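Below, chain A partners chain B and then partners chain C, in two separate complexes.
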Partner chain A sequence: MNPYIIETNNVTRSMGGTVVVRDLNLRVKRGSIYGFLGRNGAGKTTTIKMLVGLIWPDAGTIRVNGVEPSQFTVEDRWKIGYVSERQILNPFMKVEALLRFTSSFYPEWDAAVCERLLQRFGIDRSKRVRALSMGMARQLAFILAMGQKPDLLILDEPAANLDVVARREFLDEILGMLRERETTVLLSSHILSDIERVADEIGIMAQGQLRVSESLDQLKETVKKVRFYNFIKGSNGFALPEAFQFSKTSSEVAATFRVNDENSLQKLAATHGCQYEIIPLNLEDIFVEMVREPKEAA
Partner chain B sequence: MKMATQFWPMMKHEMGLGQGARMVGPASAIVSYCFFLGVFPWVSLYGNYTAHGNITAMFEVGFLPIMAFLFLGGLTLWVPWEAVPALSQLLQLPDQAQDTGRWEFLFTRAADRRTLFRARAVTFYLIAAAPLLCNVVISPFFPDLVASPDLAMEWKYRLAFPGFNPGITSPHQVGLPHGAILFTAWLALLATFVFITLQSYAVWIARRVKGNSWWTLIFPAAPLLAVTLVFILVQKRMIHLPFNFFEDSFLFFATHPFTLTLALAGLIFVLQKWCEQQFSRLEID
Partner chain C sequence: MHLNPNSGMPIYRQLFQQLRQRIGSGQLAVGDQMPSVRELSAELKINLLTVAKVYQLLENEGLVETRRGLGTFVKAGNETKSAGEKRKLIADAVTQVVAEAQHLGLTEEEVSKLIHQRFEEMKKD
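On to the complex of A and B.
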């Protein structure tokens, strides 16, 4: 079996004459929770839409569960769940009717899980969708995706409209359940603390390109912000072309870059006759350092 | 799970059953529409002071073009709304967001898009064409039709109605055997033809209408604008049609009722398949 449930090769897509996604090579391992990050307009939602077969790429190939999304059959869709950023459920249907309607598309509908989650989130089956709060409607969209027992669940901003407590409970509940089932989750969110808590792998998109795709642990281990100071001969000759961010004054240099082992850092400091200190970065810091425009070219 | 089993849930959904308040507005509009569509052929034929069951007089009154225009206007709103996803982004209606979400929701379920489109077409036939078909069924019980064609048209009536019976009520009128059946069947056929053509057109333009480009609204509106333009030009006598569209097409249908009905059935089959195929490949931006 292919270890990757999602595979894209040099995928490019334009919208309204602008290239939104460029040469995207995304790999998502089966059973992982993949945090998909990027600023607004980075191309995340366009990528997700291509993965679920709402739009097609202009160039390149996509395989989701081994199938090109434009060729998805009904059977292929049984195993792909999707909760979109703007998905608004039919407000005029009752929760019960919406569950029944959605379940009619899936032969292995998990009514027990739906019931459990409805109770857990306190959603009344007899209410119409429009009578639910936005957060509850979002939870209901999740429940509908969970009911189909997907192999792959794609969540675009799943925790929008939820307060902090509800968001945490919600993610713990849902993701716990998904881990039990070994469901692969592609999770796009602006709330990086959520991603940091749950994701195994991280992909960061910027300007339509995938800048990073690796395990969260590896990312946190290797991407460092380092301050170089106490230069004996000044910082003039100091350059780091591979740095994500680089700023320099006559007496100090701050740079965010990959440090594969500390020896290389020591060598670098020795070469330039300076001292250094490593500033710890969490995922949010790493993300900001990687996607914002560089302060100064190295 | 067989795809066919998806049809009924989709039909129910498309008909708005179980959606409470959502359907109050549309339902009242649909009931009014069905009533209007159901009674208008009879009102125009027998209730009209000029016509009194005289089909030639009815054609001269000009009631049909107005009805056809209203029918086309209704379809121009309805059909593209069901076939062009970007329309709900362009038209900022109060439930615009819901409608965009509805498309996305349905297109990302394990729902067969072809079946969904078929459910939409069947919904049309159930709602919009049913009154016309009902009229065909009850038409044998209605009074006979007569005509009073001028000399130029008389041969066409003779061709269309072999049992053409001159002077049945007066020297200037002729009886039309099965005239009411043919008239109502012609209306149903015409309406169905307009629908299937407009549906195919809507599917064809669906990729060309962009959610962020206002000028692309011209595509769904084009049939109505074209008909309006022709209507104005004819009224202003700037163009002259060499035939009377309604009377001539009625007589043509009356001459070849079975052939045309079979041809329409074939056309529906082919175009419906094509539409379903195109619809299944639509993008939702």
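On to the complex of A and C.
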């Protein structure tokens, strides 16, 4: 079986005359929780819409579960759960009725999971959808997506309106899904501490392209901020063209870059006659350092 | 077990170090059964793949063994370390010496000579 449940090849898409996604090669392994990151306008939502077949690429190919989204059959769609940024559920329906209505489209509906989640999230099934809080409406959208027993669950900003406790429960459910059903999850969120809790792979989009796609472990182990100081002859000649961020004063250099092994760092410091200190970065730090416009101090 | 997902150190490393420490200190004794990957990931609320990776690392280091169909157990004879692990254990000390030497402006030959001398002295003792 293809190890990738999502595979895009050189996908490009414009919206309103502007290229929003450019030559995108996104690969998501089966059974992973993929944290899909980027600033607003980086092209995440456009990409997600192409993955679920709501819009089509101008160029390039996409395979989701082995199928081009424009060719999805009803059965293909059953296997893909999608909770969008602005999910609109029928506001006049009662929760109970909405569940019954939605389940009628899916022959393999998981009523037990829906029941458990309604209880866990404390959603009253006799309420009308419009009477639910924003957060609860998102939880309900999530429950509906879970009910269809998806192979792939795509969540676009699912936790935006949830409080900390509700977010933790929600993350716990995502982890449980992977554990129990090996569901692959593509999770887009601005709450990086959440992503950091659950994701094993990270993709970072910037200006319509994937800047990074690798395991979170590798990212944390290789992307470091390093402070070089105590220069014997001053820091004038010091340059690191491959750094994501770089700043320099006469006595100190701070740079964020890939440190693949510490030996090379020692050599670098020895060459320039200085000492160094490694500052570990968490996901939020790494994200900011990678997508922020590079600034260079004189 | 205390894990901080928002630290600069990957979760798998934190878990690996803590489990290794528990095995080393005997809190997890030889022959003890480890919780399953699923159980531990549910208990710690972390990704299943992270726990699986840690168990693999523990197995590679010879600290645990997987018995087919039974589970993962703390292995006997943890005292005997593999050559790879011995090298890893001394690597940090070597790194430190090399860094110090560079800072003092000593050459590789000079440092090698010192190490050699020390080995010779040890043999006489």
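In the analysis below, the second predicted complex is superposed on the first by the 294 of 298 C-alpha atoms of A that agree within 3 Å, B and C clash if a C-alpha of one lies under 4 Å from a C-alpha of the other, contacts with A are read in each partner's own complex, and residues count from 1 in each chain.
Heads up, the rule we're going with is that a residue touches a chain if its C-beta (ideal position, glycine included) is under 8 Å from a C-beta of that chain, and two chains touch if they have at least 3 such contacts.
Source: prediction; values computed, not measured.
In this superposed model built on chain A, chain B and chain C occupy separate space and fit side by side.
Legend: residue contacts after superposition of the two complexes on their common chain; A:Leu89 is shown touching chain B, with no touch to chain C. By the touch criterion defined above, A:Ala270 reaches chain C but does not reach chain B.
When the two structures are aligned on the shared chain, A:Ser189 is found in touch with neither chain B nor chain C.
Once the two complexes are overlaid on the shared chain, A:Trp78 sits against chain B while remaining clear of chain C.
Of the two partner chains placed around the shared chain by superposition, chain C is the only one that A:Asp172 touches, whereas chain B remains out of contact.
Judged by the touch definition given at the top, the superposed model places A:Tyr106 against chain B, while chain C stays out of reach. With the two structures brought together on chain A, the opening angle seen from the C-alpha centre of chain A toward chain B and chain C is 160°, to the nearest 10. When both complexes are overlaid on chain A, the residue A:Gln245 reaches neither chain B nor chain C. By the document's definition of touching, of the two partners only chain C reaches A:Glu262; chain B does not. When both complexes are overlaid on chain A, the residue A:Ser213 reaches neither chain B nor chain C.
Think of it this way: put the two complexes on top of each other by chain A, and the tightest Cα contact between chain B and chain C is 27 Å. When both complexes are aligned on chain A by C-alpha atoms, no chain A residue touches chain B in the first and chain C in the second. Those residues of chain B lying in contact with chain A across their complex are 1, 3, 5-6, 9, 12-13, 16, 18-23, 95, 97-98, 100-102, 104-105, 107-112, 210, 212, 281, 283-285. Within the complex, the chain C residues that touch chain A are 5-13, 38, 41-42, 45-50, 53, 95, 98-99, 102-103. On the side of chain A, the complex with chain C involves touching residues 31-33, 168, 171-172, 175-176, 178-179, 193, 196-200, 216-217, 220-221, 262-263, 266, 269-270, 275, 279-285. The touching residues of chain A, when paired with chain B in their complex, are 15-16, 49, 52-56, 70, 74-75, 77-78, 82, 84, 86-94, 97, 100-102, 104-107, 128, 148.
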